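Before any comments, here is the structure.
Labels run A, B, C and D following the written order; every chain starts at residue 1.
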Amino acid sequence: MPTVVLSSGSGALHLTGGVTEFEVEATTFRRLVLELEQRFPGLGKQVEEGMAVAIDGEIFQDAYSAQLRPGSEIVLIPKIGGG
Amino acid sequence: MAKQYVSATINGEQSEFLCETQQSMLDVLRDVIGLTGAKEGCGSGDCGACSIILDGRLVCSCLMLGVEANGTTITTIEGIAQGDKLHPIQQKFLEHAALQCGFCTPGLIVATKALLDENPNPTETEARYWLAGNLCRCTGYDKVIRAVMDAAAVMRGEAA
Amino acid sequence: MNYIDSSLKVVGTRPLRPDGVDKVTGRALYSADTRAAGMLWGKILRSPHAHARIVKIDTSKAEAMAGVYAVCSAADFPDIPSEEAFVGEGPMNFRDLAQNVMARGKVLYEGHAVAAVAASTPAVADAALAAIEVTYDVLPYVIDVEDAMAADAPVLHDDMFTAGVDPKPTKASNIAKVVKFKKGDVEAGFAAADVIIEDSYTTQPVHQAYIEPHACLATCAADGQVTIHASSQGHFMIRAYTAKLLGMDMSNIRVNPAEIGGGFGGKTLIYIEPVAVKLSQKSGRPVKIQMSREDVFRGTGPTSGASVTVKLGAKKDGTIVAAQTVLKFQAGAFAGSPINPGCMCGFALYDIENIDVLGYDVVSNRPKVAAYRAPGAPIASFAVESLIDDLASKLGMDPLTLRQKNMAKNGTKTHYGPTHQNIGFEQVLAAVQTHPHWKSALPAGQGRGLACGFWFNIGGESTATVHINEDGSVTVATGSPDIGGSRASMGMMVAEVLGVDISMVKATIADTASIGFTHLTGGSRVTFATGMAATQAAEKVVDELKKRAAMIWEIQPDAVEWRDGKAFPAGSNAGGFEPLDLAELALKAARTGGPVNAEVSVNAQGAGAGFGAHICDVSVDKETGHVKIERYTAIQDVGKAIHPSYVEGQIQGGAAQGIGWALSEEYIYSNKGQMDNPGFLDYRCPVASDLPMIEAVLVEVPNPRHPFGVRGVGEVPIVPPMAAVANAIKGATGLRMPDLPMTPPKIRAAFDAAG
Amino acid sequence: MSNLSYAAPTSVDDAVKLLAGSSGLAKVLSGGTDLLVQMRSGRLKPDLIVDTKKIPGIIGIREENGGFVIGAGTAGAVVEAHAGLNKAWPGLVEALDLIGSTQVQGRCSLAGNLCNASPAADSVPALFAAGAIAVVVGSKGKREVPVEQIPTAPGRTSLAKDEFILEFKLPVRPARSSDAYLRFIPRTEMDIAVVGCGISVTLNEAGVCTAARVSLGAVAPTVLLLADAAAILVGHTLDADTLAKLDAAAQAACKPINDKRGTIEYRTKVAGVLARRVAAIAFDRAAGKSTGKAH
């Protein structure tokens, strides 16, 4: 199962009751979002609309197409722009 | 206030136009004559984007009234190339990638033309001080100065 | 397909840019360079007050003036509800954007737009603005970030309650948000440290200071369809925001991308377009709005100023075991400073076990901040890289060695979560070590500084089309405005894939009605993301060309090979046909199935992070405090340089802007809360004589997620300069200058204080 | 709406009549590099602009009775290119070379720089140090006025409404005389002086100063001519003691303000620094030891 880490600076810790790391059964990002929403209401929506995700160190602004592997490190972080 | 009649030689052609007294030469070039190569970056003589050559001298067209142009000879960026043949300065700016956004480029090229007309063999320091009135925010001036020095060498017949 | 290890013929060379001749002859059309028949001149009235309630706006006298065709104020625009979105280059609330474009109820900074007119000439428009009577109830104001955080500070928004604190506050404040990042146990880390060092820093807001002021020309037709000609970092952004702010359908707005005269992040927002459209709707005439330089300084940009503290703990051997920072960022009048990336970037360069970061997003009576190259990172890195230099002194270590000992590598887990992959920081520092500048003896009286920087880089949505024209020449169109030579890099990638000379390929920018959605030119994403779309479109074209050749030869498409711009039979079994080039295939295109084109849209992911290191030598005039940059070298991992000249140019330009940030650029306020230096005379960008040549060294550690290995390059180079210059000043004088800009009066005062 | 009139008279009489007859605000235009900025910003709303550049003699440089006469409207760049002035008055030339950009120097004039009456004008301390005389013309005829009597306050001059400057006279230069000008700015170019200093000296054969004029800009409401500081130089070579006294005298004369360009403390200190540096350059030049540019 991939491990999901909620970045301490994600601004979403209130949705998980402060839990920052958990395992989620999912092989696609879309499934992951649904699982997150079910487990922590509001988190799935926040991930979809306001957060980026780093999968094994690579940052995705939108990760629907990303495949998750068992043992993948999935970090939910604030979105990033640029100049 | 009636508009003022002005007659000047602009890029080798006799031009006649009417302008309001308070219009700057930059306003006249851009809005009356339609030569939009000179740019307004500040309107106060601090950026050089509106540079033109007036009777052989480099000036900011934003610091000159249109009516003052009467009887003068003016070169703008549009008058630097010979037809479709680029001036060596223009060619070197391209070759050295001395422009990124390109907005300050017309002013820099006109200023460089005035520099090399007066001093065909400037040192890097002389070129930097001469061009200090032309702000460029993209390039850090490195490639601009290289283009200027290379163009000078070409114009002196020293390089390809 | 991946070309990273292929032998390349076009990519990596330095051809002339396709838009170059227009730009050196003055023909290129920027936003203010177009006009329309019957055009009116729009002008915007701006608040003289830093903070005031708008009691009344009386436009009757202006409306009655001859030559005035329309007047508008907030009452003419929809009252947009609060709606958070991450659009453009950062978090955005559409209500804030609307109120920034036209003040509603209150003005929140000097320069805030309150009304606008459209008139027959600029002079009439000026007179009309002067005839608008605005009654203000002037309120107390606050400019500085620390002052704005004080309990008794004047509050800008009475519905702003600090987010990110538990429990949710009940009292409104200027602190929009608190963010925290933690890794490990920072207390334990400091307890285990042999050396602890701490300092406080301030930075001032600096403006992107693109030389082209914002301008646009809006035309509203009788059927409600709107055309906007404007320069920006994203014409789709203009369309989306204008539609939102005016309550229009996007399909009724078409935005033509003018050439853009610089942006650096500052043109990722709108300021004037909805106003021009509204004036055009009301007058029935095309309306052009051109900002003055003063308007640009007072009403747009800049990036945040900040107050920062940093604390580091290290072992005697130089291992940094604990790092802590508090960052207070000015957001300007509306929430949304780049506090998140600020919190993430400073320590992202180092492998540190215990990290604690606390950030504040704080509003005050200044213009709303906009993105500026690597938003937030330069502020954090100025503080962190200054303190690391002091730590090296304290440990008696070489500053490069200390950084190498602690540098982030592949597999380093960052304090914000992800683990670094495919990064090239190690290679960058190795390049510093072997560079002649670093190895050279320091001339007498000079100081040398080293500092490093990091930026994530981004990908995102891009569209590109590749057309094989009837004569076999090639056109590539994208939705990305060309801010610094991207037409050249798009054309080069397409030429490489097609196997043709770059002279055969011309790149253009298509308007919002003519190509698929494309996100902003910003965050150094165009060569990466739009380049990916262009590469894939070219590959689709190659596939199609092979099919056409197969049809002509009556063989299977997989029996056709494409190389050097020609179709060949793949081996002798395929048949003995003469190769067909692009011109021959184009000539037969009608008979083989019609025009050969491809359009590809991507949402590119996996933008590789960038790292850079800058070396700076300075001399300091101890009597006047004047600093001269004697030598400057900027080394950066760029992944793969498509057109090295323009990659170098990004690095040189970013370094120059950073030097300005370090030494001379700042917003100066009067005692009335008004900006005292809204022009290039006293807002001091570096001029040509202030700088030496800036040597850009390209390190190429390919990004495996891009077909050519590209990483974004435009953000990183503004991150290191402030600390590089500060560290060089320290080397030359022994003085640590913690407050930007490091102006001559500050340096002279520091000398005097040091005795 | 603006009702701005423009005239380019071709004689002094016509220009004076236009100025005298104007019912509103009349401004003399020579280079325009200050005037146009002030008009654009709305700080100045003239009703009449009298462009003096067509008046015979107002542009150009001539030698007269061993001294130089510079037309009031002569562009800075023309002065900078004049070999004779470079030799006799290098400080004045370098002061003009520091005004704004190359572009601005293509237009700006000594008269404009003086009559704009900014305490920070670069050419003005050099003109004061040179002891230049302004030839003022007006309805009552011609009068010769020492330049230090022209500016009276920021933006104000002693000229009457119908007066303008036709030309400047620079005195005959005794042997072993020279001058220098330095200003301090945060960048290397394009800034307004934080402090400016002009010094003109004459030395005897032993290198002892026999005459001096010292002037400071941007440290008081008008450019200052420092009699005390000049007196310190006269009778001395530039030894350490004299330099220290000069530094102190320059600092003592300062009555600056805090503004966006500098603080009181900083301006005062730098005034002393510049006075020492400028004196050293002027002495070297007067002694024939150096002819190069000071910046």
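Convention: a residue touches a chain if its C-beta (ideal position, glycine included) is under 8 Å from a C-beta of that chain, and two chains touch if they have at least 3 such contacts.
Treat the numbers as computed from the prediction; the structure is a model and nothing was measured.
Of the two chain pairs examined here, B-C and A-C, the one linked by more C-beta pairs in contact is B-C. Centrality by Cα centroid goes to chain C. Look at where the CA atoms of chain A average out and do the same for chain C: the two points lie 26 Å apart. Separation between the centroids of chain A and chain B, computed from CA atoms only, is 54 Å. If each chain is reduced to the centroid of its CA atoms, chain A and chain D end up 68 Å from each other.
Residues of chain D found to touch two or more other chains are 2, 41, 188-190.
Shared contact sites, meaning residues of chain C that touch two or more other chains, fall at 123, 208, 264, 680-681, 686-687, 689-690.
Multi-chain contact residues of chain A (touching two or more other chains) are absent. Those chain pairs judged to touch are A-C, B-C, B-D, C-D. On chain C, the positions that touch chain A within their shared complex are 84-86, 88-91, 163-164, 166, 177, 179-183, 208, 264-266, 268, 338, 340-341, 343-344, 357, 359, 371-375, 415-422, 455-460, 522-525, 603, 605-607, 609, 705, 712, 714-715, 718.
Contact residues of chain B toward chain C in the complex are 20, 22, 27, 30-31, 35-44, 46-47, 49, 76-78, 80-81, 86, 90, 93-97, 99-106, 109, 125, 127-129, 131-146. The part of chain C that touches chain D in the complex is made up of residues 123-124, 127, 294, 623-626, 663-664, 668, 676-677, 680-682, 684, 686-687, 689-690, 743-745, 748-749, 752. Residue ranges of chain C in contact with chain B, taken from their complex: 14, 16-17, 19-21, 23-30, 32-33, 35, 121-123, 208-213, 259-264, 290, 292-293, 483-485, 643, 645-646, 648-650, 652-657, 679-681, 685-691, 693-694, 696. Contacts from chain D toward chain B in the complex involve residues 2-6, 8, 29, 31-33, 36-37, 39-41, 49, 51, 53, 75, 77, 100-104, 106-107, 188-190.
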